[in-house]
Every structure is written in structure tokens, then in C-alpha cells.
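The following blocks contain the structures, represented as C-alpha cells.
Look at the two complexes coming up: chain A is in both, with chain B in one and chain C in the other.
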Partner chain A sequence: MQNNHQKEHLYKILVIGDLGVGKTSIIKRYVHHNFSPNYRATIGVDFALKVLNWDQETVRLQLWDIAGQERFGNMTRVYYREAMGAFIVFDVTRPASFEAITKWKEDLDSKLTLANGKHVATVLLANKCDQGRDVLTNNGIKMEQFCQDNGFVGWFETSAKENINIDEAANCLVKHIIASENDMLQSEVPDTITPQLEKDKGGTCSSCFRSQ
Partner chain B sequence: QYKPLTPCAASSESPPFVCVYAAGEHAALHRQRSLPHRPPVIPLVARMADQNTSGTPAMTEREASRLDKFKQLLAGPNTDLEELRKLSWSGIPRQVRPITWKLLSGYLPANAERRDSVLQRKRQEYFGFIQQYYDSRNDEHHQDTYRQIHIDIPRTNPLIPLFQQASVQEIFERILFIWAIRHPASGYVQGINDLVTPFFVVYVFEYIEEEVENFDVSSLKEEALRNIEADSFWCMSKLLDGIQDNYTFAQPGIQRKVKALEELVSRIDESVHRHMQQYEVEYLQFAFRWMNNLLMRELPLRCTIRLWDTYQAEPEGFSHFHLYVCAAFLVRWRKEILEERDFQGLMILLQNLPTMHWGNEEVSVLLAEAYRLKFAFADAPNHYKR
Partner chain C sequence: MEREMTANASQSLTCNNGSERIDPYGFERHHDFESYKEMMNEYVAVLNRRSMRWSKLLQEKPHVEKNLTGTSNQHTTVLFWCLLMLVCLCDVTIKCVLEVKRYVRKGVPNEHRARIWMAASGAQERLESNPAYYQSLLAMEHDAKLKETIHIDMHRTFPDNVLFKSRAEPSLQRALYNVLLAYGHHNKAVGYCQGMNFIAGYLIIITKDEEKSFWLMDALLGRMLPDYYSPAMLGLKTDQEVLGELVKAKAPAVGQLMAQYPGIWTLVVSRWFICLFIDVLPIEVRKSWGLMVETNEEIVVMLKHIMLLTSCFSYLQTVLRVWDCIFYEGSKVLFRVALTLIIHNQPEILRARSLPDVCECFKQITCGAFTLDCHTFMQKIFTEPGSLSMATIDKLREKCRQRILEEESGHP
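So, the complex of A and B:
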């Protein structure tokens, strides 16, 4: 019989956002624990793998680092397939990259839904926070509102360079992916009595946010 | 959803790793190994450009005789381009590469007398474009294009000091911006920035003897630098003219070539093809970049320059022959591919193929195999349709 402790979860996670916002740097930081200012522009998609121990189970994350230029936009449908979660990234020093967030979210939601018809869990990353916070309003509440309005499960100020909040953001996303997966598994068995899960209000999760 | 697999010994100490589950083997046998990493430093450009003397300071007799043949051919009042193509196919000596590339690309006329005036006119024309258009880079309808180029230039060849010089980066920005606004059907597409590099490096060599990697371009006369810029622009334009549908909306050229690559590979190496199908690797996931950047991301720059000797010698080299080179390149790794036993392992292999030590010899083998494939399949397209 299958031992629960040997379960393995495999999740495909997309990393999207405008060109030059730091998607590749975030993934390299997360997977290889380092940073370089010298990454070349991603062409098409780059692939990386991260393995986590999660409640004594193994979680393998397939990270799909998707090129940010609009010209490649018609390719995204191919890359999005079967993803379970996403990061959408902008650069806090470049307002235009923040304005593009809703476009990326719409692109994602229009091309990808879970088996139960819901959208995949998506976390918003305000990257390069070590370089100032020009775009951010310095006001977490507004960002929380933005996340609620746009269907993000959480947001983080991140810096791939200084290693700020990358692991935290990933943990938040994984947690939501597992929750939505459980959700789907339960809905597949209609005869089972399911205890009422705590409803996510508007999709945000307070534990996802930085404590300060 | 849940796959009952033995968990991998996930260790945070050794970051880049893959776990490979050998089918039917004991859990204890699963192996952990390092990834084939990209080289931390891109191999020296100098050695790259100096293909025919690499390793040996003195030219071999064969190399010297090849150089003589080139010189003879180039010395006449009318260069026989067909002969030049034949000679160039197996590589162009560094000393004559700039002029040979300009002739083969059609930038320079075969008639030697006309060359100076053509060069003068084209260079003037290019700097006319700069005067006419370059100020518009901050206009509303061009600023997105310029901004994208501006973000990409510092990260084009980021590890080669030559390309970190402000004046070189400005040259690249001008070349790309002018090309982009003069080709609105495609505009600037990421990857095109890479395609300027080989021309620029080769044309710098027209003016210097020393290594190019750390070369300080401010030691060049201003006129020389302007010539390099204009010549690079026009030769890049000629190249892109032949593959423009790689970069127009929906990138139909790339879609078609990736599809053709898949068909070709399914004919020439069914086990590789089946293996990738089995693990649900799609060709688009790795070969998109092969087409979009003409393998420049997969090979050291010195190999790209050698490859382009042949692409310019071969009719439709960039637009057609490249497909066969890609097929030969993929099959070249069949052993490594067949050893991978999951999607992750295959993707990481295919996106990080260990070519960092490649030089002339490996490229020559690759080209010979590509030529064989083309000969076998190109004129009989049904051969590679399943």
C-alpha cells in the first residue's frame, strides 16, 4: 500500500511578468542560492527544478521562467498548460512593469484554469525592493486591496539580489497550491462528508504577508 | 496527481541537482549528480575569432595554403563568389574573414573597383538614418522599443568586457533601434541583439591585431568605429531579411522550423524522438531558442562565428540549412538524452548542453552531419514527413 510519507507532489509553477523585472534572478536565487547581474534575456522558456520537504512529503517544483517580451506572448498558451500556480513579477523601480501586471494576470486567467474551473493560485512579487520603492505606495493596504481586486493570493516585496522574501513567497504559493489541490480532490468525491474549510476571504492569506 | 515515488534526498546544501530515478532499480540506486552547468565565463573571444591558429601559434601548411587561396581569389578585379562560397564552407581564415563575410552576405559587390564607393555610400546612408530617426527613440510611439533595447544591451554578452564599454553599448543600441523602426512588421525582438555580436566582433578584427575580448574601443580612430558600426548594421540587416518571418507576429518562421525539426528527427533517430515523446518534452520548449537565436545561446561565440562562415557560404544557410544543423545538434546528444529518465532531467539537459569546450573541430563534425542530412532529406521532403 502506498505510504503517505512517501507521497510526492509535482507542481508546475509559472514565473511571468515584463522583460527585465528579474524573473530569472528570482528563480536562480531560489534554486541555486546565488545572484548575478549577468543573466541574459530569457528566450522562450527556461526550466528549473526545486525540491522541498513539506510536512514530511516531497514537493518538486517545476519552475517555468517565461520570456517577458510581448512578441513571445502568443507562445504563452503552450507554456501555461497544466500549471498549478504562478508568480507575476514587476520591478518596483519601473512603473510600466507594474501597469503590465493586470495584463499578465488576464492573459494567465484567460488561458489557464484548474479542473474545477478556478484560476490557479497566483502570488504577486514586487521585485528589486533593495533599489527603492518608487512604484509601491509605501502602503501595504493598497497593495492588499490591489491583490484582492485582481485575484492574487498574496504579495511580497522581494529582492533576488539581497535574498529578501523569495523563500517566503514560494512557501506562500506552495501552501495555496496544496490547498487548491485538496479542494479539487475533495470535490471529486461528492459522497464524502467534508468538513467546512475556512474560507479564504478574497483569496488573500494573512500569513503570506511579511510580519512587519 | 500524487505519484508514489521515493522522495529524493532534497538537500539545500548542494543546490543544483537532479534526482534520476532509474526505472526498476532500487531506491538506494538513485543517483544525484551535478547539472551540466553553463560555463561561468564565456570562452575568450580572441581565441574564438582566431580559429585557424588556435592552439598552435604557427599556421599549419594546410592553413597557410588555404589562406593563400583566399587571398588569390580576393585579389582579382572580380571575385568569383561561387568559388569563394566553396572555399568558405569549411571555414574562413581570420585574416580574410571581414571582407569575405561582406562579400558573401551581398553587402559588398564582387567587382573590386566598386567596393569603396559602395562602402562609402552605405555608411553614409546608415548615419543618415541615425540623424533622421535616432532622436525619436524617446517619442511616445518608439519609447517602448527603445526601452526594451536599452534593458537588453547591458545583458548581451554580459561577461565579455568588450561589450561592457559604454561606446560599444551605444553602438548596439543605435543599430538595433534603427533596424527595429525600419522593420515595423517585427520590430525589436529579443534575440536579435545577439545576432549583431558576431558581425561586430569580426569587423573589429579588421582594425586590430590583438585580442578582442578586453580590447578598448576608444583606442580606435573614430572613423574606424563608425565603419564597424555601419557595416555591422547592414550585414545584420541582410541576415535578418532572410529570416524575417522568425520575428513577425506569432513568429511563423520559428513555428514552422520547430515543426520541421520534429519531423526530421522522427525520421533520422526514432529512439530519440520516442524518448522525448515518452517524457512529454515538446520541441518548442527547447528548440524555440535554437531557432530564435540561431544556436547562439547553445554554443560559445567562437563556434557561432565558425558556423556563420558556413551559413554564409551555403545557399539559404540561415533560413534553411540551420534546420539540419539543429537536427544534427540534437542527435549529437542522443546518448545523454536517452540516459535521462524524466521530463525534468531532459529539459535541464536540453537547455544546458555542455558545449563550453567546443571549438572548430566539433563544429566541423556538426556541419558535416548537417550536410549529410540535408543531402538525404532536403530534396526529398517526403523523406522526412512521417
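So, the complex of A and C:
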């Protein structure tokens, strides 16, 4: 892991959520800028790399595509190590995949904490928003509250198919990862303003809460 | 691509028929198929010869299903039937006969494949002694969660294959769904595990029969493979570690490299084991490629082009040959294939300087010319890794299983 005195950062990001919610599609859209309705079920783990220019610095993202079926979970635990951020994905057309979100978040938090004892930055993705908003319209107004209650730094309605909000969600996550990294690095320095993510989630990234 | 081998279908084997856009297994061909066709015609002639030998043998003895795992014959028919007599007289299973093993290693012709797999695995026997069982599994009340999970993977199983499209007539999706649902209720401890969709789909393509596919699943998952698919996946974790141990012994430099990255074996080989190399290894292409590459520069260019094309194909042929051996010799064959890929590509693997490099390399080594040429590849898997006794595998499995259980009890 690079520190921010150098011009390059490497962040490991987990992409988790129930099977068939579109994790692979989101990664392919983000990294390869395309979509296919013909992706195979992900068996085990896969990953992809994405390079971003971020304030004149290079950010390398390692996106880990983790199989959604529960039984792969105990095998893939080793890949949670050293992750700096996560997307948890659900399918807006399948309420059960939304109900599983808290389980995924608890599982993530139990396996992974940052050096300062905080949880890693996690963004919630409501995927397949091109196909309907059943889950969201039934819960619509409560989503921000849901994120605050469950420790998500933000949420986005996304569509890997229609390329909606994928880049925005990634930027939001990277911003929070950098902030939490700065938080860890600078928490010892008294005259530096330290982002207070836990207390100030809504304010640090208003775009995260904007439903588009 | 290997085809239906009946005499009537042999015309299509020359790749000159009109319906070329889709291969006989329902997978879509690349539109630029001409050059590949030409290459295939010669290999297809080999397949035809092999097929005719098998057909002859099987015709000479009408009731062979239960006893026969036959042969393409470099040996005479007489020798073969002597062997078969020996098998019957001694009341030993065909599995004991080394000659038969050798023949199976050379590949079972496609039209006999289903019955040979059924016989060698014991699936035929189970099917016959439980005639209404499969239907009863379909007729019972089904678990809603299981149904949903299977349903989600329906359009994610061989998505490029026209036969598996939901709108296909007839669609193999229905058969796939039935087989998985029946199996999930038959083996409740396993239920449904991702990866089983590819195995069931593949069996349906080969047998064209739901019930046979079900009993072959039962043979593979229930008796032949270790515990790969149950929720704890202990058999899978164990075999990944076993492979790690074997690599340490047989390719120490690769073993050292991999030791730098904890958990890397799961990352690079879990798919190999779970899918039994479906969607991992490529289709077969003619044996003579290697020679041609050395003699003609133009052809090198063409071959490269064709190798790109073949990525559009369905990865059936090499996998079929591997599966022939799995059904006859058991899960040990998986290690032979994995070790061969790793040992053969040692220099490339050792060039990797990071985890992403290693992962990319392990993807690449399953698809070059080496694995496309399935004849040579199948010879290599029985020579390149050297000796690999079942006793060694058993010992390693026991050792690794204990280690995993200890580690897991230490980190609940």
C-alpha cells in the first residue's frame, strides 16, 4: 500500500453481494467500458485492475470480484485482507438481495478493520436500476437512513447495462478511501484537520446520497 | 470439433455442410470459419476412423452396456474380446484392465461417450435399479430457496450456446433446471453449488438425456470427486492444498513463487476443480499444427488467427478427453491436468512479479496451442508430471485436510 507522500496509490476494493446481482457486470463496465448480457456465473474469485488519475496522482484500483454464493464465503475470506474499500451490490428487482445487504455488511466488518479500528469505506449499489425500482420505491426515502444506520458512506442507483452511475459510485468510494487513509496517516499530527467520517457521513460526500 | 459420429452424420464431419454458424453442440462459431474448417477436415478423418473401429466392436457384442468400456483399436478385435472375456470370467470390473485404460486415454468416440461414461461410473447400474427415482424427485414439492438460486444461474450457464437460450426450441435450460433441482433434493447436504450448473449442462449436451445426466452427476459428485460442492467445501480446499504440495515437489521454483501469496491457489485453480476444466480448457485442434508452424510462415499467421477464433468456441474437445479419463480413472486426473499445465508453463509463471501477473499467467496457460492440441496434451498429462500414485494423493489429502481443519478450528 502506498502512502500519500508518493504519487501513486494502490487500493484493493472488494465487490460483494448476493449471486446474480451484477457484480461482474459492474466491474466490466467500469474497467472495460462494455456490457454483455452473457456473463457466466463467477466461480470463486476474479479481479480486474483500473487506473485513475486523481489530483495529479495515480490511483490503481484492484477490484476483487467475489462469488456471491454463501458457501464460497469461507474460501474467499483470505481475499478480504488489506482491502481499503468495498462495494456491496444488490439487485433492485430482487428484494431478497436487498435483505441480504446487512448480512454482507456485518460479514465484511467482522472480517476487516482498518489500522485505526474503523471499518473500511463501503458504498451500497442498487444495481439494475434500468429494470425497475421495486425495492427502492418501497423503501425510497429510507435509503439514506439505511446507509447511516448500517455504516455505508453512500449509495447509488446503478445500471451496468446502461452505464448509469458506475463512475460516480467509484469516485465516491475512492474519495472516501483517500479520506480514511489521510485520517490514519494524520491522526497523530495535532494541527491537521482530520476528516470525521463516522460523525459526518452525510456531509462529506453529498453526491453519494443523490439519487439520479 | 468432434461431431456426431454415425455413418449418416459423417458428411457433417467434413465441415462442408451448410449450417456452419452453430456447432453440433449449439455453440456459435466465429463467422470467419473457412480456415478453421480446412484444418479440421484432416483431424475429422482421424475421428471417423476411430469411430468406425469402436462401432464395429460394439456391434459384434450386442449386450455391452454394463461390461464394456471399449477401445479404438490399434489392437485387434480379438484381443479386445479376450480382454472382455477375462473381465467377465474373473468377475473383476473393467477398471482393472490396463488395456482398456489405455484405450480410454486415447479418447472415446463421441457417439459412444454417453454409454461408456454411464457404464464406467456405475451410473447405468443406479439408473436401472432406481427406474422411477428421477421422476419422483421432479414430482415432489421443491425448496423455494433452492429453486431461486438455480433459476438465477440459468441464463449464466453456457450463455453463448444457442441451445441454452431461454427462447431456444427446444431449450436445454429446462433440462438443466430439472437436473439441478432433482440433484439438489437428492443430495440435500450439497443442494446447489455454483459450478454444478456447468457440469450438469455439459452432461446434458453429451447425453442429450436428463435422467442420464442426473445419474452421472450422482456418480461424479457423490462417489468420484471429493467433497467439492458442499457448503464447507472441504474437499475443494483440500485438493487446492494438495496441488500446492505437489507443485512444491515437482516444480519447486513455482512452489516458492506461490508461497509469497497466501490463498493464491484458491484464486487461480478453484475454477479448474469446481468446473472440472469446463470453460477453462480449449477445444481440440489437429495434431499436425506444431509441424506446420515450423514449416510455413504464412500458416503461422493463419494459426494465430485461428487461435483467436477458437476463443469463440466452446472449450469442449480437450475437456471431453479429460472427462473420459476422469470417468475411468477418477479425480486423480484433475491433478495430472493441473500439474501438466503448471510444469509445462513454468518459465512463463516464473516471470510473474506480482499477484495480478500470476493470476493473468494462470489464465493464459489454459488456452495456448499446448492445450488446443488435445492429442499431445493428453499424452503429456500422463508423462509430464511423472509418477502420481493414488496412495500419494490419499496421503496428501489426509495431511492437508487435517491442516485445514486445525487452521479453521483456530480461527472460528
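Note that in this section the second predicted complex is superposed on the first by the 181 of 212 C-alpha atoms of A that agree within 3 Å, B and C clash if a C-alpha of one lies under 4 Å from a C-alpha of the other, contacts with A are read in each partner's own complex, and residues count from 1 in each chain.
As a working rule, a contact is a pair of C-beta atoms (placed from the backbone, for glycine too) under 8 Å apart; a residue touches a chain by one contact, two chains touch by 3 or more.
Only a predicted model underlies this, so the values are computations on that prediction, with no experimental measurement involved.
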Room on chain A for both chain B and chain C (clash or fit): clash
First, second, both or neither for A:L19, with chain B first and chain C second: both
First (chain B), second (chain C), both or neither touched by A:T58: first
Which partner reaches more residues of chain A (counting touched residues only), chain B or chain C: B
Touched partner set for A:L49, first chain B, second chain C, both or neither: both
Which superposed partner A:L10 touches (first chain B, second chain C, both, neither): first
Touching partner for A:P37 - first (chain B), second (chain C), both, neither: both
Contacts of A:T76 with chain B and chain C, given as first, second, both or neither: second
Which superposed partner A:L185 touches (first chain B, second chain C, both, neither): first
Chain B/chain C common contact set on chain A: 19-20, 37-41, 43-45, 47, 49, 62, 67, 69, 71-72, 74-75, 78-79, 96
Interfacial residue positions of chain C with respect to chain A in the complex: 148-149, 152-153, 155-157, 159-160, 193-195, 197, 230-233, 236-237, 262-263, 266-267, 270-271, 274-275, 279, 356, 359
Complex contacts: residues of chain A adjacent to chain C: 19-20, 37-45, 47, 49, 62, 67, 69-72, 74-76, 78-79, 81, 96
Residues on chain B engaged by chain A in the complex (per definition of touch): 1-8, 10, 12, 15-16, 18-19, 147-148, 151-152, 155-156, 158-159, 186-187, 189-191, 193, 247, 249-251, 282, 284-285, 288-289, 292-293, 297, 343-344, 347-348, 351
In the complex with chain B, residue positions of chain A that touch it: 2-3, 6-10, 19-20, 31-34, 37-41, 43-49, 51-53, 57-58, 60, 62, 67, 69, 71-72, 74-75, 78-79, 96, 181, 185
